[in-house]
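Some structures to go through are shown next.
Note that chain A is present in both complexes that follow, paired respectively with chain B and with chain C.
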Partner chain A sequence: MNTFLNRLMGRVKLGGLLAVAAPILAIVFAMLITSVVLIAAGKPALDTFGWLIDNGSQPRSIVNIVNLGTTYYLAAVAVAIGFRMNLFNIGVDGQYRLAALISAAVGGAAVLPGVLNIVLVVVVAVAVGGLWAAIAGFLKVRRGVSEVISTIMLNAIATAFGSWLLIEHFGTVNGNAIATTPIPDNAHVPAAAIVPGTQLGINTFVIVAIVVGIAYAVVLSRTRFGFNLRATGRSEPAAVASGVSVKKMVLITMILSGGAAGLIGMPELLGSSFTYNTNFPAGLGFTGIAVALLGRNNAVGMAIGALLFSFLDTSSDILQLHDISPEIVKIMQGAIVLSVIIAYELAHRYRLVAEQRRVSRELLEGAAA
Partner chain B sequence: MDHPRAPWSTVDITVCHQALRKEEAAIGTATVTQPAVELEGITKRFPGVVANRDITMSVAKGHIHAIVGENGAGKSTLMKILYGMQRPDEGDIRIDGKPVSFHTPSDAIAAGIGMVHQHFMLADNLTVLENVILGSEPTKGGVAIDFGSARAKIKEISDAYGLGVEPDTLVEDLGVGARQRVEILKVLYRGARILILDEPTAVLVPQEVDELFDNLRGLVREGLTILFISHKLDEVLKVADAITVIRRGTTVASVEPKSVTARQLAELMVGSELPSPETRESTVTEVVAIAVSGLTVLSADGRKLIDDVSFEIHKGEVLGIAGVEGNGQAELVEAIMGMRPSTGTVRVGLERRAESEEEGTSASEDRDHAGRPASATMSMHDISAWPTLRRREHGIGYIPEDRHRHGLLLEAPLWENRILGHQTQKPNVKGIWIDRKGARADTQRIVFTYDVRTPGIEVAADALSGGNQQKLIVGREMSGDPAVLIASHPTRGVDVGAQAAIWDHLRDARAKGLAVLLISADLDELIGLSDSLKVILRGRIVADVDPANVTPEQLGSAMTGAGEAQ
Partner chain C sequence: MLRTSVTKLAATAATGAVLMAAAACGGSSSTSSEASTSAAATTAAAAPKAKVGLAYDIGGRGDQSFNDAAAAGLDKAKTDLGVDAKELEATAGETDAQKEERLRLLAQGGYNPVVAIGFAYSAAVGKVAKEFPDVKFAIVDDAVAGPNISNLLFAEEQGSFLVGAAAALKSAKGNVGFVGGVDVPLIHKFQAGFEAGAKAVKPDIKIQTKYLTQPPDFGGFNDPAKGKTAAQGMIDAGADVVYAAAGGSGGGVFEAAKAAGAKAIGVDSDQAKTADPGVQGVIMTSMLKKVDVAVYDFIKKFVDNAVVAGPTIYDLKAGGVDYATTGGQVDDIKSKLDEYKQKIISGEITVPSK
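Then we have the complex of A and B:
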């Protein structure tokens, strides 16, 4: 196996193309897997993909894809902030749900007028998400508790705590639903109906998501803080030796990750539901993990991943008309994530060995000259 | 296949000198047997400067066969190939005359090859018995581990070869020499007939080395074959039956120990004049650069890893710390760098230059900056409570012992590695922003000044050879004119040329007033570079030694606490 790879690698020249080719090949591979499942279930594979693309390219679907993608993207960034430092914040899910609930209650109280209320809601959401995540960060720094364990547990606690807050304090019962007081009209994020052919508008919170994405990229790659964060992620002992206070970094990163998680519920809360109720979307934190993996924690990569996932989720509705379970896209999403990870790993190894070969070759040539 | 093995060898004397030597060597033990190991035309292309190129050698059964070469000559790569950890790009390996191809170490083990690594791979909290059977546990009735038969077998091996290993002692209670015997027993237990020992004496003091050699002689008497890798010539001449010299990745000579002197062997190894770490004209000043007093480091369970260590290093002075590895050197360094909690005080003479003032981040000693010309007056500042970053900002450079763990971000490009450890200093940053241009330009400077062999500064640190990685680290830590340099094994695993270059850089910086704390396992390096030497044993400074008149042997016995060095 080793020689096979070596032989293969010796001849293959690797450029930046590989970074693009790897995920595309992985997606094709995932489609193959999905086709196998479809065929096994007695459904037409090619037609299914055709229906998905058809439905996904309707104007109405495009708007929905962008709106859902905005949410997925924010979730992915929240997860990726931790990932870059080898910090597995599995608790994004609980962080955003609690943040959405409390900020919805604050927004519904309408203590501030109009736009200021929007700002207040967002600030409260970020603060709640950050604080909830800080618990896990604090436990890790002070007691060495793995953040994987603590954030998973905090998710469960957030669910129970959220229900209690909603039922006992913030919620009002309306029929058999229970919801917070709706945020007044003057504090809604507007929708921009810019896609021709549909009256549905794109949630302007997408701008916030883009800004968050740019900030994420710039802070990580251009600032001292970002350097320390990436250094800690790459090698904790080396970071310690270089003078990075890893404990401080763990706490700050956890808070940043949770703060970003606080934004996840905002497009929904400020753009369409205006209230937190029992139907508020759940599980977005886990979608975020998948999208972050898919996009390799890269700001642009995650945007593509988020749109791909929201495309699959949005256009799968049509499959019911053809008597195909829309859950088939869940299989496809899972297959995509797995095969993309494998493809990236292979590409990474290819590139490392190729680079080592290039270095020794150039040095040999240099020595000969 | 250039050398004849059968009847006509007598006719061929003039044609094939080397082959004849091997023949002669073989005659001693077994007249007609195949060589235990034959390597022919082994080539391994590998990142970095040294690759294995056309290596050809033959090891007779029942011999201690030494493979010598400078650090970085390719000995370890060759042994990894023989042990199945790496596959050669070209060439043949024959064991007992049969061609073999190893994919993994298990293949090599199955062929009767065992490897004793330089760094022991033993679990401290298990007994010798448990360590030995780990991974190949004999079972009773398919489930339960058969400790009884394992114990009997270990006893039997230990007695047969005179290893004196007790199966039921805890490994953590054993000394270095005994641990090594456990490692040897471990490979014998797995049925090895050919043993590879990778620099087995690196961690031993001279007295333990002699014991090891007695053991090795016992092993070959019983018919085992030993491949002994070393770059210590006196040891090789003492123990080996045959010697193969490797230089720049290829075999340059096969010689008999009786027919060569250490001098000749050294010339074969280096191919030219040996560089020497000597530095005799003293540059030591009166000004104290760093003063450590009463430094104590406790382990998690309250043992004293460093016990009340005190010393001063003056500007222009190199203080060497001699000691067998694992006697607290690593903890001492980490405590001085602020990476490990400790009690006692560390003080440095602060005479900060203009550059660091601009930082503004940690200009708490403002009053010291009153007049720049008054550099002669330095005041001592207690830095015991400072975090690592602040210590580094104030001119303490650090060359870590383990460059892969502590010195580099292997997957990051060279210029990002230039920033590591200096992320608050120019030219790497401007305020909160990384100064990519500045960092890149300065990396280019280091690559040029320190002769880092690399096609560019965008390649990952991983792609460089160990020696070049080390040069990059040394260059980085010498940037910005540090006042104090903590150097752990600054030339470990570095090839001869680079070693000489690093020594030159250290000497130059010392002449300009750098204070160096030098930790090294290379006694020649320690004696040659240091202005004064201290010996550390079990976390305590046990002796002060004058490097001008001490031999490595005397130093070695001080390191074990055997004799009192003057």
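Then we have the complex of A and C:
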């Protein structure tokens, strides 16, 4: 089943040199596209890359990149859980926003003290994300509704439902913002100022992201559930034939994906804003889709992709300081995702053609002998 | 099949993206070079009196609305006061940390004062201002407090009261509409003032209200199609004057009003001048929110060394809000509107803000 979709989702592995060559080719290609755009706009391409690297290696930038990357990584894992089973959970965006809102309200109520409150907030967020995703899973299993359609619709519903909850129930008006009651000081996730040269601290929620990444890799590749999930993704009929209940898998995977989505808002909520307000970052679910594609649904690949995206996003201001439009960052991100897809596809095709040549050569030699 | 169609799709998307990007970069680079030449012309004579750092909300310079009003104030300060400036803009869906970083970059880069446009910067200004006690900060539309923070606030409800009164005076059917961009407290102020003004003229007037999007979806400030649909619905239900308090979505409201022969009211800028020329004729007046005046005043105070921390309220009295008379469509009711204006200034009428 060496189809384009399977290759896109990282289900077919490249071996040897090609596995190294593909990502390098992709980055070179993305830099070329970006350079063309920069030169067309009359900006110095080489200097631009210099400024990016210079800014990205400042201690303060490193902290910001890791913190934002933590959020992006959680978003990518949430998306990837579905992707590995051919479930396109486009609703990660709505799932995390609703989860962050409701868990922020629960945390603000401070029914439990200190660390217990943190645990409660996280549990509520995972539960809300999972439940919201379960609606799409249930619709698919029971009614055959495509999860792509239902999750997109549920995003819109989550936005409207969230506003209603925030405006009518959880929120208080403070100036021009509506915000939930702040989570008390004793239930904040601490920031660790471990990068020398800056007082900014790394959000310790990064540990949770690493644990989630490890769990994702281990469950997928080392457990029976992971095998069933991957098998269903590769070929549904084959999975059914080997006794996998596809419906059950769809529902469980959707809930897991939504549960992971519930974690996306946690670094920001517990480590930085401590409240859900009308300015809470939106659209992280879609960033997650791009990062999951970029990392080819691989736990380590997505971590690299998340850091690359957050590196570019934290560079938008430094580019503007040099009179370069911040949109260049979005172009670079788009170019990288496309380049990675194209580079891996080229590498796969190269391997296929090389194999075919080898086989036909051996056959010819065999016929001659 | 799938392979070829996906490849084609990717190729088309890539070409499109590059083309659009080239266009976008071309546009912004030309405006920034214009800005820098005009600044250079004035600063050639004397060293800059101040290096102003300005952080826009999403959309930045060129949004034909809120951010552009701030940009106009900054441009005036560049020519009149001879200041230097650096402008940075926000990206969609960013975190508070990214907003803080933007302000820090400016403050650390020697920009003083630093002006943040929009209440989205509330938390970021509060935090960064503490780290740079020697830098003066200003924030538009937000009341976050600090010893080095000046708050540039507007009495939008007072200006909206006047255009509400104008709407009621001009409505033949006794039925007017309010299109709000996003359902947030800031826009509730516009609605409250508009309703109070309309009812002051005609207590039994029918007022239709519609918000285009719910937060955190702030698309309602920049979605003309949604504005058009909402305004059409109101006009179909009998409204003949519609107030667009919806930023860039107002363009759609004006189109709908034009198609149906109704009247519209603009917001923030004098939209009978700034809107698309084809629809300027339907804009009978606009609620002016003079962000440009506030930004210019603040920079001038900085240059004069007279910055005061805390809120400055730009209301009718201070000339921070007003109604526009471009096009002469409200000339016949001007005396009545000015009467309301005086009553608000004197305190005889208190306009509700909720």
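Going forward, the second predicted complex is superposed on the first by the 333 of 369 C-alpha atoms of A that agree within 3 Å, B and C clash if a C-alpha of one lies under 4 Å from a C-alpha of the other, contacts with A are read in each partner's own complex, and residues count from 1 in each chain.
Criterion: contacts are C-beta pairs under 8 Å (C-beta built on N, C-alpha and C of every residue); 3 or more make two chains touch, one makes a residue touch a chain.
Here the structure is a predicted model, which means the values were calculated and not measured.
By the touch criterion defined above, A:Pro326 reaches chain C but does not reach chain B. When both complexes are overlaid on chain A, the residue A:Ala241 reaches chain B alone and has no touch with chain C. Legend: residue contacts after superposition of the two complexes on their common chain; A:Pro196 is shown touching neither chain B nor chain C.
In the superposition on chain A, A:Glu355 makes contact with chain B only, not with chain C. Chain A is touched at more residues by one of its partners, and among chain B and chain C that partner is C.
When both complexes are aligned on chain A by C-alpha atoms, chain A residues 3 touch chain B in the first and chain C in the second. On chain C, the positions that touch chain A within their shared complex are 2-3, 6, 10, 13-14, 17-18, 21-22, 24-26, 28-29, 32, 36, 86-89, 91-98, 101-102, 104-105, 109, 119-120, 122-123, 141-144, 183-186, 213-217. Only residues 2-3, 6, 221-228, 230-231, 234-235, 237-238, 240-245, 352, 355-360, 362-363, 366-367 of chain A touch chain B when the two sit together in their complex.
Interface of chain A with chain C (complex): residues 3-5, 33, 36-38, 40-43, 60, 64, 67-68, 71, 97, 159-160, 162-164, 166-167, 173, 175-178, 268, 272-273, 278-284, 287, 313-314, 316-318, 320-321, 323, 325-331, 334-335, 338, 341-342. Residues 45-49, 51, 87, 89, 103, 337, 339, 387-393, 398, 400, 402, 405-412, 416, 419-424, 429, 432-434, 436, 453-455, 459-460, 462-464 of chain B touch chain A in their complex.
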